[in-house]
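Per-chain numbering from 1; labels A, B, C and D assigned in written order.
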Amino acid sequence: MTRFLVNHSPALLLVAVLIGFSIGSPRFLTPQNAVNLLTQGASATILAAGMTWVLVTSGVDLSAGSLMFLVAAACGKMLQSDVEPLMAAVAAAAIGPLCGVAHGMLIAYAGASPFIVTLASLFLLRGAGLWFSRTRAMNLPEAFSRWGAEKLLGVPLPVWVAGVVVLVLYWLQTHTAFGRQCYAVGYDPAAARKAGVHVRAALMKTYALSGACAAIAALTALTQLGAVSPTFGKDREFDAIAAAVLGGASLFGGRGNVFPGAVIGAMTVASVFNGLNVMNANPYVYPLITAAVVFLAMLFDGLRRRQLVQSARTMRWNVEGAR
Amino acid sequence: MKALLPSLLVSVACLATLSCGAPTNQPDQTTIGVAFETLQTEYWVASLDAMKAELAKHDVRVLEAVADGDPNRQLEQVQSFIARKVDGIIVVPKDAESVIPMIRAANKANIPIVLYNRGPGEGAGPCVTVVADNRAITRDTVRRMIASASERSKPMQGMILIGDLGDINAIERREGFDEAISESNGAVEVVARVPTVWNQEKALAGVTNALQANPDIEFIFSSSDFLFPSIVAALKNADKYHPIGHERHVVLGGFDGDATAYRMLQDKYLDADGVQNVYFECSQAVDAVLKMSRGETVEPVLKDQGVVIHQDNLDQESHRMWGAQVAAKQP
Amino acid sequence: MNPLLECRKIRKAFAGVRVLKDVDLQLASGQVLGLVGENGAGKSTMMNILGGVLPADDGAMLLSGTPYAPRNPAQAAAAGVRIVHQELNLFPNLSVAENLFLDRIPRAPWGIRRTTLSNQSREILRQVNLDRDPWTPVAQLSTGERQLVEIAKALGAGAKLIVFDEPTTSLTQPEAARLFAIIDNLRGRGLGVIYISHQLDDVLRLANDVLVLRDGVRQACGPAQAFTIPLLIQQMIGRELDHVFPERRAAIGEEIVLQLRNVSRRGVVDDVSLEVRSGEILGIAGMMGAGRSELARLAFGLDPLDAGTVQLGGDMLAVPTPARTVKKGVALITEDRRDDGLLLNASVDDNMLLASWRDHACAGWLRRRAAKRAAAAMADSLKIGGALDRPVVQLSGGNQQKAIFARWLLRKPRCLILDEPTRGVDVGAKDEIYRLIRRLTDAGTAILLISSEIEELLGLADRVAVMRAGRMVGEFARAEFDRERVLACALGQEALA
Amino acid sequence: MIAGGPRSVVRFAATELGVVALAIVYVLAILPFCPELATRDQAFAALVNAAPLLVLALGQAFALLIGGIDLSVSGVISLAGVVGAMLLTSDGGVLADSSLAIPVALLAMLLMGGVVGVAQGAAVAYWELPAFIVTMCGMMAMGGAAVWLTGGARLGSLPLPLLETVQGDWLRVPVILWVATALAIVCYLLLQHTVLGKHLYALGHNARAARVAGISLGRVTCFAYGASGTCSALAAILYTCRTESATPSFAREILLDAIGAAVIGGTSLSGGRVSVMGIVFGALFITLVGNSLTLLNLDYWHVLMAKGGVILVAALLDAARRGVAGGRA
C-alpha cells in the first residue's frame, strides 16, 4: 500500500492538489477551467519536457528562461520588420537548438559542468536578447497573436502544440535508441561508454532538444501573450526544474520521463497557480504554497529511492535464503 | 599558503599602480549621470529616451546605468558617477528608503541629485524630486472608470492586477484603487486580486483564471499598461473584449499611458488611463539638475499632476500622453 | 582437433608483482574448461587478458588459429570472446531488451523496431531459460535473474568463447541448474566455455578439462575425471611459504576489545557472533561473497545492523556509526582503497592525518606543525618515501596502503579491522605490512583480519573463523591450523574438515 | 611558471593566481578609458562594493566545497533583512527603543541565517535529498515569507548609530571592508587551521573515505550549510545598512554573482577545492566588470553579456583544471 503510494506519488500529488482546490472552490473543477489549465500549462509543459530530458542525463539547463527571451525578442524584432509570421516563428525557433548545440559542445567535448555552462548562458542570452530588443517591449501583430486563441476541434492551438511536442519527445524517449541510451548515460556515463553508447553525441542531442523545447515554449507563450516584455521568461528555468522534479525526474540522473512525468509536474505547478487564482487567495501565500508542494514531492521521491534500495537488499536475501 | 605571498605582492603592486595613476582631467562638456532602477516596462524606456533627448538638447554628455532592480547595485552606480565627477545625477530609485544613502553620497561630493518618479523617505538630505502622485492618479482613474459605468447595475464584479509586491509604485496604485473602490458605496465588489510579479505570462494566466472563476467580472484595473496585451488576450478568449457601448464590454482602466493604452483608447476599448506626463517630468528633471549644477536653487518637489485620459478628453489631452507620441512614431 | 583458443606463456605483472607466470591454456570448440585456484591465484587476471581489459606483458594467444590480441572489450567481443562478469554491468533503469541490445538497438525510420527487438530478445532469453517479458525493467528482476540477463548479453553477439566468472554466487539452486543446462547447450552448439568457480563440485560436474592455477602458475591440468575435490584443493594450496611471518612477542591480553553478538544484516550477514581480545588477531576466511567485508562494515558501523549488538571494550553501542566507533578506538582499512580510503587529490600528509586531526588540535585549532611532524615521523617509520605534500594518487599501491595504515597508526587504535590489507601490494610492502601488524598486536591492539590468502591468515592469526553465505561455519585455533581443512570449510566441503 | 607552452598557461590560469592576474590585467586594460579608477577613493569604493558579494561568495564556497550548492541566498538575505529591520525600525519596530536593540537584532539576523542553513543541511544530509532542490525550495519559501511579513513594503528608518557605524570608516578604512576582511581571514583560518576545515575538505574530496575515517558527515554538512546561511545573513546586514532599508524581495541574480565569484576564484563545483584568496579576487573581479562597464558607459545588456562571458571562461578553466588533475589534458 505504502509502496503504491510512493511509486505513484507524482500523479497522486496532482490528484491531491486538484481535489484540494475543488473543495476550496466549486468553480475549479469545470470543463472550461480544465481547458484553461491545459492552455496555461502548455508552454510550461514543453519547457518541463525539455528539462526532464536534460535531468535524465544528469545535467541541468539553467539557460532555458533566457533562451526563451532571446527567441521571443528575435521573433518580435522580425515581426516588427514585417517578416511573414510563420517565417519569423521558424527562424526564431532555430535559435533554440543552435544554442543547445553550443551548450552540448562545451559540456560533451570540453568537459565543462552543465551547471556553470548554462549559468553563463543565462547571462549571455538574456544580454543578447536585450541587445536585440534594446529593452523595448514589443506588441506583436494580430496575424501572429491570433494563433494563440485559435482553436482546433474545440481545443486551443497551444494545447495542440504542447501535445505534439510531448508526443514527439515521448516517442523519442521511449521508441528510439537515442532516447533509451540517454537513461544509460544518466545512470552511469562511464558504464554507458563501455557498453558502446556514444555518450558525447547523446549529450549534444540532449541539449539541442532542450534548446528546441525552450524555443517552442517561448513561441507558444508568445502567441498567447501577443507581446514581448524584457522580463519574458525570467526565472522560468526554476519553474521547469521544479515541474520536472514534481514529475519524478531525479537530479542525480537516470530517472524521469516526459510522459506522464513532465506533464504531471507542469500541470501540478499550473494547477496550484490556477487554483489559488480561482479561490482569490491572498497574493502573499503563492510562493509559500508552491515551495511546500515541491518540497513534498521531493520528500516522496527520497522515500521512493530508499525503498528501491531496500527492495534490492530484500531480494538478495530471498535468493540466498533459498539456496 | 604558497600562493598567498605572491598574490599579496601582486595586489600591493596593483594598488600602488592605481594610486599613482594619472590624475583625471575632465573635458569641459557638462556630464550628467542617469541611473535607472529598471528598464522592465515601456514606461521606463520611454522615460530614459525622453531624458536622453532632453539632455542632448542642452549638449550634455550622458552616462547611463541600469540597476536591474537591485538598490545596492544602484548605490554602486551612483558612486561611480560621483567618482567620474559628473556635474549632476538623475536617479530613478527602486524605493524611498534605499535612495537615502545615494543622496547623502551626492551631497557629500557636492553634486546635485534629482530623483525621478519616486520620492525619498524621511531623513533624506537635500535633493529635488520630480514625482507623479501614483496614488492620487490611480484613485482618479478608478473614479472615472466607475463613473463611466454608472448606468450598469450594481454592484459590478471587479478585478485588479497587482504588480510586484515588493514595488512601492505597485503598492501605491493598489492603495489608490482600494480608496476609490471604498468611496464608491459598493458600486464595485472586488472578487479577484491577481498577483502578476510584473510578469505578462502570470498576468495572462491570472486574468484567465479569474474570469473562469468569476464569469461576471465587468471591471478590470491594471496597475500598469504593459499588462494590457495579456488582459486583452484573456478577454478575447472569454469573448469579453468588445468596444465601449457593447453589452459585453468590460470596463477597463490602466496606469502609465503607453502606446498600447493609447491605441485602445482610440479604438474605444479602454475607459480610462492614468497618465504620468513623461515629457513634463523629464524636462523638469533635466532643467532642475542643470540649474543646480550652475548653482541656482530649485523647488525641492516638482509635482506632475498627471492626467486621467478617457474617451471624453482624448483629443484634447493626448499630447500629454507619452504613449501617443510613441505610437505616432511606430507604423 | 584444432583448438578454439590457445594461450602460450602468458605473463603479467602489476607494479613488479608477478601475477601470471608463463601460463599455457588450451580450449577446443564444444569443450568446457574449468579454471580453479585460490583468491588471487591469477584467474581474474587471465580472464581480463582474454577479455581485452588488460594487455598481457608477454606471450601469445591464438583464437581459431589466428593471432588474438584484443586492445579493449569491444575488440574482444567483435572477435567472439565474451565475458560474464561476477559484478553486474546492467542499467536497472532500462528494460531487459534494452540492456541486451544497448549498443545495437535495431532501428527503423519510425524508431526502434520493437517487434524485432522483442523477438531477438526473447530468442536470447530462451537460450538462458529466462521466461520474462523483454520489456520488464531490470530493476524488477531478482539478482539471479539479472545474472541470467548478463549471460544473455554475452550470448547476443555471435560469441565463440564465453568466460563465466563465478556465475553461481548469487543464483538459487534451480537457477544454477538452469545455468548448467545452458552451458551444456552452448557446448553442444560448439562454443567454447571457460568456467571459473569456487564451487568445485560444479566445476567437476561441468568441465571437460580442469586447469588449476596457483600463484599465477599453471599447477595442474587434465581431464576432469582425473580430479577429485580433495585433489583439487591440494593442488590449489600446495604452495611453500614465501613469507616469513614475524613472531609474536607479547602474550594475548585478557580484555575483550571487540565483541559482536548475533549480528545480522538482511541478505549479507546472518547471525554472526565473535570476540577479539587485546593483542589478538582473529582471522576471517571465506570465499568471495561470503559476507566477510560486510561483517567488517557492520562491526565498524558503516552499514546499519538489522539485529545484534556491537560491544567495544565493554561499552555497548546501540547504533554504531563510524564516528562513534572511531571515537572508541576502532579503525577500518577496507579492501576498496580508492573509494573508501584515499582522498586521491589531497596530499599524502593530509591523507595520513585524516583521522587524527582532532588529536593534533587544541579546542578545534590545529597545531599544524606538530601534526606534520607526527605525519613525517610516521612516514619515516613506515618507509613512505618522497615529499609528503604531493597528491597521494602519485604513490605506488604499496605506499598508498601504508599511508592508510599510517592514518590509523597515528590514532593508536585499540581495535583494527583489516579487509584484504595486502591486496595489490608488492612483495616488499607485504612484508612490511606483516611486521606492522605484528608491531600493533605487540602493543596490545586487537585485530580482525580478513584475507583471501590463507597463508596470510594462518601465518598471522591466532584463531581463524570461516564464513560462508553470511554465516560463521567453523573456527580453528592455532593448533588446528591446516590449510586444506580451512579451505574445504570455506568451500563448503565439510566432509573433509 | 608561465614559460613552457600553452599547457602550463592553462595550468597557471586555472590556479587561484590566475584570477589575480586576470583582475590586474583587466584593471590595467580599462585604466586608459576610465582613469578615475586610479584614485584612492574609487579604489576603496570598488573594494567596498565588492565586500558584500565577497561575504556571499565565501558562504557559497562552504556549500561548494563539500560538493553541494546553496541557492537560498536571496531568500535568506530578504528574510534576515526584514526580520532585522522589523526589530529595529523606528516606525513600529519591536525593539525600537531598547538600548540592546542593535546587538539583539544583528544577532537575531545571523542566528536566523544559521538556523535556516542548518535545517537545509540536515535535509540534505539526513534525508539524502538533492541540495539543489532543497535550497531552491528554501529560496522560494523564505522570499515568500519575507514579502508576506512586510506586505511587500520596504522597511526603512533604521537607527542612525548602526548605519553610521557600518557606513563609516575605522582607521581611515571603511568598516565594511574590515568586516569582509575579517570574515575572509576567519574563513581562511577555519579552512586551513581547524579540524573542521580539514573535515570539510575531506568531505568534498571523497565523502565515503571521510565517513570511514570517522568523520560525521551529517554534522559537517549541517555546518557547511549553516555557514553559508550565516554568511548570507551577514551580507543581509551589510546590504541593509548600505541601502538603509531592508527589502523583502532581494534580487535573485545575486546568487549567480556569488557562484560566479566563487568559481572564478578557483572553487570547484565538484567539491574539495576552494581558495579564500581566489574568492576575494573573484568577487572583486565580478564587481569591477559590472561597475567599470558602467563607467565606460556601456549599455546594460553589454554588462550582462560580459558577465556571462567571464563565467563561461571560468567554466572552461574549471574543466581544464579537472582535466589536468585527472591526468587528461
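Just so we're on the same page, a residue touches a chain if its C-beta (ideal position, glycine included) is under 8 Å from a C-beta of that chain, and two chains touch if they have at least 3 such contacts.
All values reported here derive from a predicted model rather than from experimental measurement.
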Count how many hops through touching chains it takes, at the least, to reach chain D starting from chain A.
1
Quickly list, by label, the chains bordering both chain B and chain D.
A
What's the farthest chain from chain A if centres are computed as the mean of the Cα atoms?
C
Which integer distance in Å separates the CA centroid of chain A from that of chain C?
44
Per the C-alpha means, the centres of chain A and chain B lie apart by a whole-Å value of 33
Can you give the whole-Å distance between the Cα centres of chain B and chain C?
71
Averaging only over C-alpha atoms, locate the centres of chain C and chain D and give their separation in whole Å.
46
Contacts with 2+ other chains: residues of chain C
none
Contacts with 2+ other chains: residues of chain A:
135, 284, 286
Send over the residues of chain B in touch with two or more other chains.
39, 165
Can you name every chain pair that touches?
A-B, A-C, A-D, B-D, C-D
Under the definition above, what is the set of chain A residues touching chain B in their complex?
25, 27-28, 30, 32-33, 36, 39-40, 43, 134-137, 139, 145, 148-149, 156, 221, 224-227, 229-232, 234, 270, 273-274, 277-280, 283-284, 286
In the complex with chain D, residue positions of chain A that touch it
60, 106, 110-113, 115-117, 119-131, 135, 235, 238, 241-242, 245, 250-252, 284-288, 290-292, 294-295, 298-299, 302, 305-306
Along chain D, where are the residues that touch chain C in the complex?
193-196, 198-199, 201-202, 205-206, 208-216, 272, 325
Residues of chain A touching chain C in the complex
171, 175-177, 180-181, 183-184, 186-188, 191-192, 194-197, 254-255, 308, 312-320, 322-323
Contacting residues of chain D [partner chain A, same complex]
69, 127-130, 132-134, 136-138, 140-141, 143-145, 147-148, 151-152, 252, 256, 259-260, 263, 269-270, 299-309, 311-312, 314-316, 318-319, 322-323
